[in-house]
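Heads up, there are several structures right after this.
Two complexes follow with chain A in common, the first pairing it with chain B and the second with chain C.
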Partner chain A sequence: MARLNLWRWGVLGLAGLYFLVPLAASVVFTVDVPGQGITFDAYSQIFSTGGFGASLLLSLELAAATIAVVLLLMVPAMVALRLGAPRLRPVVEVVCSLPLVVPPIAFVAGIGTVLKWGPEHLSRTPLFQTFVAIQNPDFPFVLVLAYVVMALPFVYRALDAGLRAVDVRTLVEAARSCGAGWAQALVRAVLPNLRGALLNASFLTLALVLGEFTVAQLLGFQPFAVWIVNVSGSQAQLSVAVSVLSLLVTWVLLLVLAGFGGRTRTTSRG
Partner chain B sequence: MTVTTLEKSAATEAATVEFRGLRREFGATVALDGLDLTVRPGELLALLGPSGCGKTTALRMLAGFEQPDSGDVLVDGQDVTRVPAHRRDAGMVFQSYSLFPHLDALDNVAFGLRMRKVRTAERRARAAELLELVGLADQGRRFPHQLSGGQQQRVALARALALRPRVLLLDEPLSALDAKVRLTLREEIRRLQQELGITTLFVTHDQEEALSMADRVAVMHVGRLEQCAAPAELYGRPATAFVAEFVGTMSRIPGRLSDGTVEVLGQRLPVDGAAPPVTDVDVLVRPEAVGVRAGGDARVIATAFLGAATRVTVRLADGTEVKADLPTHEAAAFGAGAAVSVSLPERPVLVAERTR
Partner chain C sequence: MTTTVARVDVVAVASPKRRRRAPGWLAVVPLLAFVAVAFGIPALAMLDGAFTVRDQATGATSYSAENLSASLRGAYLTALLGSVKLSAVSAALGALVGLPLAQAVVTSRFRALREAVLTASGVLANFGGVPLAFAFVATLGNAGVLTRHLGLTDKGWDLYSFWGLVIVYLYFLIPLMVLTITPALDGLRTQWREAAQNNGATTVQYWLHVALPVLAPSLLGGLVLLFGSAFAAYATAAAMVGSSIPLVTLQIADALSGNVLVGQENVALALSLDMVLVAGLVMAVYLPLQRRSARWLA
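Now for the complex of A and B:
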């Protein structure tokens, strides 16, 4: 047993080193300027640079919208799939995994082409206004659409694992024999038992949207990841400081989400 | 454990359930092939049959989870075939544990009342009352994973009764439980059902369960009703060869049929019921009706001790095996290999066309 423990600690230590050493090196690099000692200039510089708040807020809004859309799309679809057409599951799985195969560069090239139809072919139709609206730089909905597609593989897997753990059919039938309609059965009987899966799906989507660069950059919008790259530019220390900060921001957000999920669980016991 | 006045008022309006010509196919298999059946108000009717005979499909049609290809389901004379499941007024207990894992026992029972928008205080009180009815008054705050299988099914029963349904549906509710719990819960379900006087449909593949609990038993076979009768009649006067062999133990002894009587084991016995239009028949006999005497050309091949009785398996000269239940003290004389002879009582016997 002691031997096993030793092994465990050894592996944990190695894994920890692998993650923490680069992180610590980054932090040291940003705060320890040669000849000046410890200084937090790099960090204060971030906040004084314009666009920090705006880009972070935009990323958070995009993440929230993406999570809402992808869950509203996928949860009913996957429950219906499980109840009504279990044989279609492999098809849906393949379709949902496609975004993993298609590189973001190819994906964004496609989106760019479609967006050009607006000015080129549709400028005299009302649809043109839709194309303009989804590219509004204050809230580019086209990014939400792109992120929904990119999040599909992760959301599919998270929800699938959650649905496997519960007997959806029996839960729905039990709820319906207790006088619940379809929607009530879904919301009152199935969703509460998928809390973990929903939380996982949200985690993954949030992390994806906060870190996404390629699509946003190539479509010309400036959420957090794009802003980080733009602002760091040639200043080595600033760029590393921004990376450390973005890591912290993501962590804090994930912790907030986890805390939120955990709290609702305990209140439901009351 | 008392039944409240509310429960009793529900009992006075027990419902009649009718299945009319129910038919349902799943791809190539016919689950129901024209089922006609009436459940009388306040009775417990068991649907008995081997797996795949359509009994669960019939129950699920009454619950509203399954639609018939043709035929109607009537409750109190009203056609409910097109009524969605949540407006059917039928409480159901499932085979697998079906409690909502995120709710404690009390909230599980109160779930239906919450769907009906009953006020919190009222539904808590009612749920507590129901938990008391099933003997779990002190377990209300426990979650399903903290309850044993038997307790979970009791909570499921309380939940099914919470909305005072007109019909109670039990889909093999005891099959996942161990033998001892199964026996006590069986008695308890029966007691509750009689106290509440609620029309109940009980699906099972366990004939002992069906015979011991039900007012009437409906035996089903390949989507059709074979016989629907009180347990004693079903056992004593099975209408078909299938019922005879499915309910209880039956031995088949070859015999020859001629003008209304059958010659079997050197005896000539009258035929009970309609005789098939062939001469080569099998006589169907219950083990308790078979007499065994020492000496003869048959051999005892096995004995099984059942308590007060011992089941003796005898191989006749032509190779037919016959099972006989003898009082244990008599059976002591017949060890394996003993030479014996077998006789039947001078009573009308049931015959069936020979299958082999």
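Now for the complex of A and C:
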């Protein structure tokens, strides 16, 4: 047992070193500027740099919309697969894995091509208004569409793992025989048992959207990650400071979410 | 399967026949419709564009494989191979490190440690991108903290090299492996280890003959996922300006935004198609493995 513990702490220690050193070094890099000594200028500059609040808010809005859409699409489908349509399961599995086959950069190349159809071919049709609307820079819904697709594989995995630990059929049968409707059975009996999986799916989607750069940058929008790169051109210290901060923002958000679920979460793993 | 369906029928006896069938596939339809629109249309547009050649003089378009063959020549081919090599090496290393780490976390008695590591993995696996690049530039870049204090430049260290990028990529690949393999490790029953021990197996024998065969599909599945993730990574490399490693994602972005040559958009789409083919091959390996691992861990 002692040997096992030694091995465990060795692995954890090395991993901790590898993962913490870059973070610590980033902080040192931002406060210990060569020739200037210890200074917190990089951090105080962030908030006065234009676009910080707007881009962060945009990222959060996109994340909220993406989580809502992806869960609304996936949860009923995944539960239904367990209940009544097991033959569709491989279909949904493949469909949800397809985005893994198309990397974001290839995906955005396709989206860009489609969006160009708007002005080129559809300018006289009502569809054109839709094309304009989803590219509204204040809230580019096209990004939500893209992010939902990109989140599908992660959400599928999270929900599938959660559903595996729950006997959905029995739960629904029990709820139904107590007189619950389908919606009631889903919301009151199945979803509470999936809280862990739902939170996990939301975590992954949130982190994905907050950190997403490729699609937003190449489509010309400016959420948080793109803003960081745009302001980084001028000053190295500032860009690293924002990176540290963006990690902290993501981290705090995830911890808040975990705090919400953690208190009441029933663990399904032994 | 038929018997269980029949049981539902008895419970739902009050509902007419149509109603008990409806939820089955009806709930799946919105998902499939959404994917068809939001994913299918761009994918088809990419496919169409990859084979479309526009005559610069007349503006007329025609179908040909010219873009595809252009994407497999010269600098584009070098970039494609560079991406494959980088992804394969970092995925293998990521899996090799991620498995022991996940095992150390899963077998830990401290629940807090487990929660912390899994949450952190969730962040870091998706931390890939801009902040990651900047963190490593600050740490190991030419003016990085470690580079300066340890004098790494004199020892031949260069962050903007192949192994430099591997080290950066591992920062999000290892957590991804931890996230992927943890459910499988959770599925390893204590009884299996006890049974092996009762039969006189050593720890090594237990791992070689019991745990690894059970884990193998998940492990390979994770490996493939890591490869795909590294292969698709763009933001990290894009933010680490100055890297001399040619990557296919950088080439696509350059061609899309017309940085190098005007009118290369369709070659970018062809390159995208190349990426999709590589990733598709990888996925063709992954899905059957996934199904196998599900059978053991159900």
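We take it that the second predicted complex is superposed on the first by the 261 of 270 C-alpha atoms of A that agree within 3 Å, B and C clash if a C-alpha of one lies under 4 Å from a C-alpha of the other, contacts with A are read in each partner's own complex, and residues count from 1 in each chain.
Following the convention adopted for this analysis, a contact is a pair of C-beta atoms (placed from the backbone, for glycine too) under 8 Å apart; a residue touches a chain by one contact, two chains touch by 3 or more.
None of these values were measured; they are calculated from a predicted model.
When the two structures are aligned on the shared chain, A:132 is found in touch with neither chain B nor chain C. Touch criterion met: A:176 reaches chain B and chain C at once. By the touch criterion defined above, A:79 reaches chain C but does not reach chain B.
Once the two complexes are overlaid on the shared chain, A:252 sits clear of chain B and of chain C alike.
Looking at the shared chain after the overlay, A:20 reaches neither chain B nor chain C. Here chain B and chain C are compared by how many residues of chain A each touches, and C touches more. Contact with chain B, but none with chain C, is seen for A:193 once the two complexes are overlaid on the shared chain. In the superposed model, A:167 lies in contact with chain B only, and not with chain C. Put simply, chain A uses residues 173, 176-177, 269 to touch chain B in one complex and chain C in the other. Chain contact summary for the complex, chain A toward chain C: residues 4, 7-8, 11-12, 15, 18-19, 21-23, 25-26, 28-30, 32, 34, 73-74, 76-77, 79-81, 83-86, 88, 91-95, 97-114, 117, 145-146, 148-149, 152, 161, 164, 169, 173, 176-177, 182, 200, 203-204, 207-208, 210-214, 217-218, 225, 228-229, 232, 236, 239-240, 242-244, 246-247, 250-251, 254-255, 258, 262, 269-270. Residues of chain B touching chain A in their complex: 63-65, 84-88, 90-92, 94, 96, 98-104, 111-112, 114-116, 156, 159-160, 162-163, 169.
By the touch rule above, chain A contacts chain B in their complex via residues 166-167, 170-171, 173-181, 184-185, 188-189, 192-193, 195, 268-269.
Note for the complex: chain C touches chain A at residues 1, 4-5, 7-8, 11-12, 20-21, 23-28, 30-32, 34-35, 37-39, 41-46, 48-49, 97, 100-101, 103-105, 107-108, 113, 115, 119-120, 122-132, 134-140, 143-146, 148, 170-171, 174, 183, 186, 225, 228, 231-232, 234-235, 238-239, 249, 252-253, 256-257, 265, 268-269, 272-273, 275-276, 279-280, 283, 286-287, 290, 294, 297-298.
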